[in-house]
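Got some structures for you, see below.
Both complexes below contain chain A, partnered by chain B and then by chain C.
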Partner chain A sequence: MPFAQSLLGSLTRDLPFLYGPLFLIVAATLMIWPGDVFVGRNNKRVWSYVASLALVAAGVIAMLTEPGAGFSNMFRVDGLTKGFQFLCILAGLITIVLSQPQLNALREQTVEYYALILFSISGMMLLVGATDLVSVYFSLELMALCVYILVAYLRTQERSIEAGLKYFLLGAFSSGILLYGISLLFAAAGGTTTNLAELNEKLATVSSNGNLLVFAGVLMVLVGFAFKVAGVPFHMWSPDAYEGAPTPITAFMSMAPKAAALGAFVRVFGTGFHGIATDWVLPLSFIAGASMVLGNVAALRQQSMKRLLAYSSIAHVGYMLLGVLSSDVQAGAQAIWLYMLTYLVMQSGAFAVIIYLQGKGEGERIDDFRGLAKRQPVLAFAMMVFLLSLAGIPPLLGFFSKFYLFKLAIEQGFVTLTVLALLTSAVAAYYYLNVVASMYFKEPVGEIERKPLSTAFTFVLTVSCALILIGTFFGPKLLDWTAKIVLG
Partner chain B sequence: MEQLLIKIGQNLFLVFGLMALGGAATMVLAKNAVHSVIGFLFAMLSMAGCYLTIGAEFMGVAQLLVYAGGIVVLFLFVVMLVELSKSREKGLFQRQTPFALVLVVAGAVAFVGVFWRTIFGSSAAEALTLSPNLMAQGEKLGNAQMLSRGLFAEYLLPFEILSVILLVALVGAVVLAKTERV
Partner chain C sequence: MPSMNLVLLISFLLFSIGVAGVLIRRNALIILMCAELMLNAANLNLIAFARHSGTVTGQAFALMVMGLAAAEVAIGLAIVVALYRKKNTITVDEINLLKG
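After this line comes the complex of A and B, so read on.
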C-alpha cells in the first residue's frame, strides 16, 4: 500500500503546521459535546473561561510553530501567518471579555456562542496561512459561516435576524463570485494548479487569447475579497449587519474577520497575482479611494454610534488597502499589520465603552454620550483617547500607524490616493471630535445611576487606553518591532 | 434527420448544458414552489448528464445520488412544511427589476465577450485546454480512484476544512432554530 503509506508520511510531516487551529477545532467540538453535558443551566458562564484558555493555548502553539509549508503547498507558516494569527486570537479574547455583560443580562450564555467564536478563529488562522486558492476559499467560508450565525445569535430580536440574513445572503453571493473568479483563473492557467506561487508564473505567461479571461478572473476574485473586507462599492451589508448584530459581535466583526481577510488579501494579490499587477491595481485603487470617501462622508450623518463605527471601519479598510496596493509585499503586509493592531486596540476600547453604556440602556446613539465627562470622567477620558487615536490625531498611536501606511503609499507612487486619504482623514476627525465634543461640552440629559465596571472590563479599557498613551512615546520605533515580528 | 441526430450525439454536452440552464431558469421564474423544485431537479439531472458526457462517471453518479436524490427531497419537505403563499403576494424587489435586468444583460454580454475572445481570439491556434497529462492520468487510474487521490492526498486540507464547515452549519442550525433556552 504505497499510496496509504505516503499519505501517512506526509500527514505526520505536515500536521505540526496546523496544531494551532486544530487545537481550537478540537477544543470547540469537545466543548459542545460532551463538555456541555456536565455544565448546569446556570453555569454556562464557565465556557467563557474555557474558551479564553483554549484561545491562549492555541495562540502559544501557533507562535511556537516552526516555519514551513505543507499539505501539498496549501498552507504555509511564516511571519505573515503568525502575525495575523496573533491578531485574530487577540480579537477573539477581547470579544469574549466584551460579550460578558450583554450575555449575562439577556441570559443568553450558551456553549455554542463560544464554540462558534473558536471555530471562526480557527478558520481565520487557516485563512491567513493559506497559499492555494482552494484552501483560501474554504477557510474563508469557515470563518464567514460562523460569523453569519453569530450575527443572528439573538434570534428573538428582529433586527438581529434581519442583519444575519442580509449578511448571509450577500456573503453567499460574494462567495459565488469569488469561486467563479477562481475557476476562471484556474482555466486560464491551463487547468493544472491553484497554488498561488505557481499561478503567478502561469498567469504572467498566458497567451494573448487568455488575457481577458485572466482579467475577468482577477476582477471577480477582487470583488469577492472586497465584499469580505467591506470595501466600497461592496460595503452595503456592513452598516446593517453592524447595527443589528449583538454589540460584542459587532466588535468582533470589525476586528478579527477583517484582519484575517486583509492578511489573505495581501498574500493572494501580493504573491499570487503579482505578475499581473496591471490588471488589478487600477480597480483596487478605485475601491480604496471610494472606501475612504464614502466611509468618511457617510459617517458624518450617522446618529447611531454603531453605524458610525461601521462606516468609519469602511474608511479604515480603504486606508489599509493602500498596503495591499504596494508592490513590496512584505512592507505592505507590515504596514497593514501595524495598522490592524492599533486599530484593534482602539476599536476594542471604543466598543467596551459602548457596551458598558448599553448595559444601562444607552450608548447606541451619539446623543447618549452627551455630558459623559460630568457623569463618568474616567470613562469619558478613555473614550476620548480611543476616538482621537482612531481619527489619527498626532501624538497618539493611531497617528503612527496611519503615517507608516501613507509613507509606504507615497514611496510606492500612489500620491493621488495618499492625498485623498489625508483629506478624508480630516473629514474623519470631524465626526470623531463631534462625539468628543458632545461628551465634554454638552449638558447630560437626566441623571442615570452608575453601575460598577467588572474587573475584566476595566482591564480591557485600562490596557487599551494605556497602550495607546504609552505607544505614543514608542511610535517611531514601532515599525522596526513590527518588522521583527512579521518578517521574522 | 439522421444527420441531425448524429450532430446531437456529438454535442451531447451542449445539449445537457442547455437543458440544465432551462431547468435553472424554471426554478427561478416559476411562481409555484413545487414547480421550482421540479425545475431544480431537472437542472441537477442534466448536470449529471453533463458529467457523464465528459467522462466523469463517478461525479455523475454522485450528482444523481446527492442532489437529485437527497437535496431535492429536502427541498420538497421545506416546501410542504413552510407556508409560502404569503411571500408571493408581497411582490418583493419589484422596484429593482429594471436595474437588475440591465445588469444581467450587461453581465451576460461581458461574459460572452470574454469567452468569445478566449476561445476564438486572434491567436486561437493555442487554444485553452486542460493539461494533457491530467487527462492521461485519469484514463490510466480510473475515475473514482483519481477522485479519491485528489480528495485524500492533494486536497486533503480543504476536504477536512469542509468537514468542519458542515459541523458548524449543523451547530448553527441548532442555535438559530431552538426555541427553548437551554
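After this line comes the complex of A and C, so read on.
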C-alpha cells in the first residue's frame, strides 16, 4: 500500500497549515448537528457566544500556524495569509455582535445563521492562502455560496429574497466566467498544471509571441475577480444586494468577502500572472478608474444610507485596486491590508449606528439622520468621526491609509490614476459631509423615543471611534507595524 | 486524437450559448441552466487538455467542479422557490423592488 502510506504521510505533514479554517468547519458542522439538539435551535444568545468563541479560537490557531506551503503547493501560510485571515476573523466577530438586534426580529433558524457565517469565513481563510487556481476557485465558491444564502436569509421578506436572487444569478454567471478563464489558462500552459508559480513561468514563455488563449484567459479571470470585489462595470449586483440583505449581512459583505477577495486578487495576479503583466495591467487600470468615478458619482444621488455605503464601497475598492496594480507585490499587499483594516473599523462603526437606528424603525434613509446631534449627541459625534474618516479628511485614520496607497501608486508610475483617485476623493467628501450636515444642522422630524444602547453595541462604537482617534496620532507609524505583521 | 483547436472551438460555442442565455432569457430557471452550461464548457477544456497532456490534475478539477455545480444549483433552486412562494413569478423582469 505505498500509495495509501504516502497519502497518510503527506496529510499528517500538511494538515497543520489548515487547522484554523478546519476548526471553523468542524465547529459549524457540530453546531448544526448535534449542537441544536442540546442547546435548542433558537437560543440566540448561546449560539452567538459559541460562534464568537469558535472564531476567536480559529483566529488564534491560524495566527500561531508555522509559515510554510503544503498540499502539493496548493496552500501556503505566510504573512499575507495570516494578515488577511486576521481581517476576515475580525469582520466575522463584528458581524456577530451587530446581528443581535436584527435577529431578535426573527423567530427561528438562528443556528444556521451563525453556522453559515463560520462556513463562509473558513472559505475566506482558505482563499487568502490558496496558491493554486483549483484551491482559489473552490474556496472562493465556498465563501460565495454561504453569502448567497445569508443575503436571502430573511426569506419572508421580499426584498431579502430578491437581493439574494440577483446576487446569486450574477455570482453564478461570474463564477462561470472565472472557471472558463482558468480552463483557458490551463489549456494555454499545456494542460499540465494549475499551480500559480508554475503557471507564471509557462504562461510567460507561451505569451511572449502573443497568445490569444492566454490573453482571453487572464481577462476572464480578471472579470471573475472584479465581480467578487464589485469593481465597475461588474458592480451591478452590489447596490441591490446591499440594500436588500439583512443589515448586519450588508456590513459583513462590505468587509469580509472583500478583504478575502482582494487578498486573493493580489496573490493570483502578483505571483501567478506576474510574467504576463502587460496583458492585464491596462484592463485592471480601467476597472480601478471606473470604480472610483462611478462609485463616487452614483453615491451622490442616493437617498438610502445602505445604498450610499454600497456605492462608496465600490469607490473604496477602486482605490484598493491601485495596490493590486503595483508591481511590487509585497508593498501592494501591505497598502491594501492597511486600507482594509482601517476601512473595517470605520465601516463597522457606521453600520453599528445604522443598525441601532434601524432597530427603532429608521436609519435606512439619509433623512432619518436629520437632527441626530440634538437627539443623541454622542452617537452623532461617533457617526461623524466614522464618516469623516471614510472620506479621508486629513487628521483621521482614513487619511493615512489612503495616503500610503496613493504614495505607492505614484511610486509605481500610475500618476494619472492617482490624480483621478484624489479628484474623486474630493467628490466623496461631499456626500459624506452631506450626512454630517444633516445630523448637525437640520431639525429632527418629529419626536422619537430614546432607547439605551446595548453593551455590545457601545463596545463596538467606542472601540472603533477610539481606534480612529488614537490612530490619528500614530498614523505615520502604522505602515511600520503593517510591514512587521504582513511581512511576518 | 481530435485536434485541440476543435475542442477549444466546441467549448467556446458551449460557453457562448451559456453567456447568451444568461443575458437574453428572462426566466430565472433558464438563467440557472445557462450558468451551468458555462461551467460545463470549462469542464470540457479541463478534461480534454488533461487527457492531451496525460496528467490527471485537470480531470480531478473537473470532477470537483461537477460537485460544486450541484451545490450551486441546490442553493439557486432554494432561492427561486422562496421567491415563487412570495411573488408567484420567476421572471427576472418582474423582480424590481430594488432599483439599481
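Everything below uses one rule, namely that the second predicted complex is superposed on the first by the 476 of 488 C-alpha atoms of A that agree within 3 Å, B and C clash if a C-alpha of one lies under 4 Å from a C-alpha of the other, contacts with A are read in each partner's own complex, and residues count from 1 in each chain.
The working rule: a contact is a pair of C-beta atoms (placed from the backbone, for glycine too) under 8 Å apart; a residue touches a chain by one contact, two chains touch by 3 or more.
Remember, predicted model here, so these are calculated numbers, not experimental data.
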Looking at the overlay, does A:S438 come into contact with chain B only (first), chain C only (second), both, or neither? neither
If we overlay the two complexes on their shared chain A, which of chain B and chain C does A:R155 touch? Say first, second, both or neither. both
I'd like to know which partner A:Q100 touches here: chain B for first, chain C for second, both or neither. neither
For A:T192, is the partner it touches chain B (first), chain C (second), both, or none of the two (neither)? both
For A:T458, decide between first (touching chain B), second (touching chain C), both and neither. neither
Classify the contacts of A:N200 with the two partner chains as first (chain B alone), second (chain C alone), both, or neither. neither
A:I177 contacts which: chain B (first), chain C (second), both, neither? second
Touched partner set for A:F138, first chain B, second chain C, both or neither: both
Identify the partner contact of A:E112: answer first if only chain B is touched, second if only chain C is, both if each is, neither if none is. first
For chain A, give the residues common to its interface with chain B and its interface with chain C. 134, 137-138, 141, 145, 148-149, 152, 155, 164, 187, 190-192, 213
Could you pull out which chain B residues touch chain A in their complex? 110-111, 113-115, 117-119, 121-124, 126-131, 134, 149, 152-158, 161-162, 164-165, 167-169, 171-172, 174-176, 181-182
List of chain A residues in touch with chain B within their complex: 3, 6-7, 10-11, 18, 25, 29, 32, 41, 71-72, 74-75, 107-108, 110, 112-113, 115-116, 119, 122-123, 126, 134-135, 137-139, 141-142, 145-146, 148-149, 152-153, 155, 164, 187-188, 190-192, 207-210, 212-213, 216
Please give the residue numbers of chain A that touch chain C in the complex, ascending. 134, 137-138, 141, 145, 148-149, 152, 155-156, 158-159, 161-166, 168-169, 172-173, 175-177, 179-180, 182-184, 186-187, 190-194, 213, 236, 239-240, 243-244
Contacts from chain C onto chain A in the complex sit at residues 4, 8, 11, 15, 18-19, 22, 28, 31-32, 35, 38-39, 41-43, 45-46, 48-53, 55, 57-58, 61, 64-65, 68, 71-72, 75-76, 78-80, 82-83, 86-87, 92, 95, 97-100
